[in-house]
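Please find the structures below.
Shared between the two complexes below is chain A, which has chain B as its partner in the first and chain C in the second.
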Partner chain A sequence: MDANDTAVFTYPRSLSRTPTHYCPGCLHGVAHRLVAEAIDALGVREKTVGICPVGCSVLAYKYFDCDMIEASHGRAPAVATGVKRARPDLVCFTYQGDGDLASIGMAEIIHAANRNEPITVIFYNNAIYGMTGGQMAPTTLVGMKTSTSPTGRDPIDRGAGYPIRMVELLNTLEGPVYLARQSLLSSADIFRARRVVQRAFSLQSKGFTFVEFVGTCPTNWGMAPVEAREWAQKRMIEVFPIGVFRDREAEAAKASAAKEA
Partner chain B sequence: MANHIEIDRDRCKGCGLCVASCPRQIIELGRDINAKGYHFAVQVDPSRCIACQMCAVSCPDVAITVYRGRK
Partner chain C sequence: MGEKILMKGSEAIAEAAVRAGCKLFFGYPITPQNEVPEYMSKRLFEVGGQFVQAESEVAASNMCYGAAAVGHRVMTSSSSPGVTLKQEGLSYCAGSELPVVVVNVMRGGPGLGGIQPAQSDYFQATRPGHGDFRYIVIAPATIQEAVDLMMDAFDLADRYRNPVMVLADGLIGQMMEPVVFREDPPKEYDKSWACTGCAGREKNIVNSLYLDPKDLEDHNFHLFRKYDEVEKNEIRVEEYLMEDAEVALAAYGTTARICKTAIGLLRAQGFKVGLVRPITLWPFPYRTFRKVADRVRFVLDVEMSMGQMIQDVRLGVVERCPVHFYGRVGGMVPAPVEIVQQVQRLLAE
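Then we have the complex of A and B:
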């Protein structure tokens, strides 16, 4: 490189240099980077505590360069509640997958959201259990083949239920301050996702903030990374629509502006 | 020097997401393999790079640094 060139995209400070164990093309890496960038942008690395889940991202504590705690399966929001209540001055986020958050951790996430705990929950949804070998998850699409639904998820004849939409579910509660779903399936989406994560972290002091990422699992879907991204764009986005479902601060700002006008 | 990217060859897992993301189609998976055994990505024609960062944001392994050259 030339000394005159400006680096416009560099490695985030809050991400450790440890290479990840994720499969090639797994978008967990992108989600990690977006969280690290948000921590950097807010300048809170020294007072951030992350809570890791169980699942593929169980080793996330190795990849963030801030304080991390490993929670038992699904209990990350409960651990985050404890951290935040003992030390309200800290920034606290949980990082969870769909098996962790929407299945075994369903009770913890619903009640943490309902109590409006001032934490940020990052939820990576790829519609499958990755680490354990591609079993059906609560968010698996109807008809999607997994190792435990080899003929496709069948909600009627086999009683396998329907995919759970977490953001919509939490949107029925009074408590949460910020609820959004964003895709990681193209570069343009990732630029948008970066702003969404930063917004969630910046609103954390106001209450419960939740960001769902629609991602892929190329290995367990049995697809190449680029093909998995295209498949998810076609199939997952119609079930898990993208958008900011709730932003109490923006609503309040809009309401007060309307009052003044 | 002009716009270009640097790819950390030993972080790259050869997933090809940057190849698919590049609007100028100037990134390829090379013939050589890295320490992990992956065909790592290489920028084949830096002179056409517009430093748009599309490749870097799509990289799950944060292996890409983007430089904007001074005119």
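Then we have the complex of A and C:
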């Protein structure tokens, strides 16, 4: 192989070479790739069990090339609990959208986090129900129009509630070891997201790890992909701020370094 | 065989599960079966297992789904309103062909109902949640039988890769009787389908989603070929004093025991009465009822419900003889004398 043949793009081993059903401009594909890269980086594909949700990523069991379980709507963290209690030696991740995780699955995610189940939760937040055709999600922004909030999400006159911030909510619990939110809106964001996902997977043996991706849904937002990313950057990030909210291991390392110094 | 020990029903059921090789329990408190999770919360950690008090029955049944998906024996237990919530996870288990054992210690309903014994979940057990599927449903009438059936339940679940429901009532759960545990080691089953990590093989997928109608139809056909096998192989029924019987009582579980006492009283008065006791409620012993119907004057179906199993009894009898009903509900347990009076009244008609 000479210099001109150097591969500049390869599939992660943990990703199947199956065309996805995702819409043009959707960032699920990017999120899948980051998860697959993390599994490859840790060399754990052959002992990983992924759990996919109900929603746009319902077919993710086709896209990851590791053992996969399809869960019922919102229950992936409960299914993951069953997996890890039976086989603590396995690596287990759930992959969930905002309707799945923050609405119907709210009890399951809160309690899995509270028990500090050693799992990695990947949460794709695009503020809308994608698969069912663009209904209001628990993360839909105030004023945002969806097919079930046609005049915009109205928490006052229509009692439609406010966007729920999952990382901040989970950050009130004692249990979790890693909680982070990162966007997938630019190349630089994706680069940072790659590190965050790998960090989450690498800390899974310590306990509950959670990564929220701020993503888009061009189809149901009624926007072109680029416009959707710009809108998300402008509007979603102020509601869902980026950052590592908790890293127990880093905090412990820092504390012990300070003690030694 | 092991030694005879005196145990409460719920605890005996839990111990039987442990001895059948079940090391995982996921459940949520509900009366009258709390002794099952309480027992498991101590016992399972002694045998290197895991117990999780789940956030809800919905979560508990989905934890079972996860543990079964990696190929481990797993169980949950609950009572009627809780079982309604478990129907979600159990339908997914049936669709994904996962072996799970669920104990339902029935209480009265509808709604919150009460906490006293009932048999009003016959429909919920034999006509379960959404989609075309079946549980294998087994109904013990004594604590010893509960222990034996509990151990069989795990084998049935593994053999047919399907949920098995042990349908008991508050009396079975709460009373104490001497039991002996079988000592045969748990059987091994092929679980090469389980999600245990894909080392050295293609990936496994545990799934109940079939978006192509043809695929979903084929999947349903596949499940029902399996259920045909269950119907062929697994029907269990007790015929008690039926050889010379002119009247057949039909009852399961605790009610069947009460019927036996009533039959003793009736026979002492010269009435030739027997009992057909389905042990498997699905698959149901239709053929036994069909056979019996040609020989008796009538069948009296006795339940702690407003009449649920009677639908299956009638399907078995096919109008070959009258089928009458006597039921008590809400936690009211029929007394033997009530059943005696019913039989006498019907014979006098």
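We take it that the second predicted complex is superposed on the first by the 254 of 261 C-alpha atoms of A that agree within 3 Å, B and C clash if a C-alpha of one lies under 4 Å from a C-alpha of the other, contacts with A are read in each partner's own complex, and residues count from 1 in each chain.
In this section, a contact is a pair of C-beta atoms (placed from the backbone, for glycine too) under 8 Å apart; a residue touches a chain by one contact, two chains touch by 3 or more.
Not measured: the values here are computed from a predicted model.
Asks: Going by the contact rule set out at the top, does A:234 touch chain B (first), chain C (second), both, or neither?
Replies: Neither: A:234 stays clear of chain B and chain C.
Asks: Under the stated touch criterion, which partner chain does A:58 make contact with: chain B (first), chain C (second), both, or neither?
Replies: The answer is second: A:58 touches chain C but not chain B.
Asks: When the two structures are overlaid on chain A, which partner does A:158 contact: first (chain B), second (chain C), both, or neither?
Replies: The answer is neither, since A:158 touches no partner chain.
Asks: Can A:224 be said to touch chain B (first), chain C (second), both, or neither?
Replies: It touches chain B, and chain C stays clear.
Asks: A:254 contacts which: chain B (first), chain C (second), both, neither?
Replies: neither
Asks: Could you look at A:49 and tell me whether it touches chain B, chain C, both or neither (first, second, both, neither)?
Replies: The answer is second: A:49 touches chain C but not chain B.
Asks: With the two complexes superposed on chain A, say which partner A:11 touches: chain B (first), chain C (second), both, or neither.
Replies: It touches chain B, and chain C stays clear.
Asks: Identify the residues of chain A that lie in both the chain B contact region and the chain C contact region.
Replies: Common to the two interfaces on chain A: nothing.
Asks: Looking at the complex, which residues from chain A come into contact with chain B?
Replies: For this pair, the touching residues of chain A are 1-2, 4-12, 15, 19-20, 22-30, 33, 186-187, 190-191, 194, 218, 224-226, 229.
Asks: Mind pulling up the chain C residues that touch chain A in the complex?
Replies: 24, 26, 50, 52, 54-56, 58-60, 62-72, 74, 88-89, 92, 96, 195-200, 203-209
Asks: What residues of chain B sit close enough to touch chain A in their complex?
Replies: By the definition above, chain B touches chain A via 1, 3-4, 6, 10-11, 13-17, 19-21, 38, 51, 53-62, 64-70.
Asks: Residues of chain A touching chain C in their complex?
Replies: Touch residues, chain A against chain C: 45-49, 51, 58-59, 61, 64-72, 75, 78-83, 85-87, 90, 107-108, 110-111, 115.
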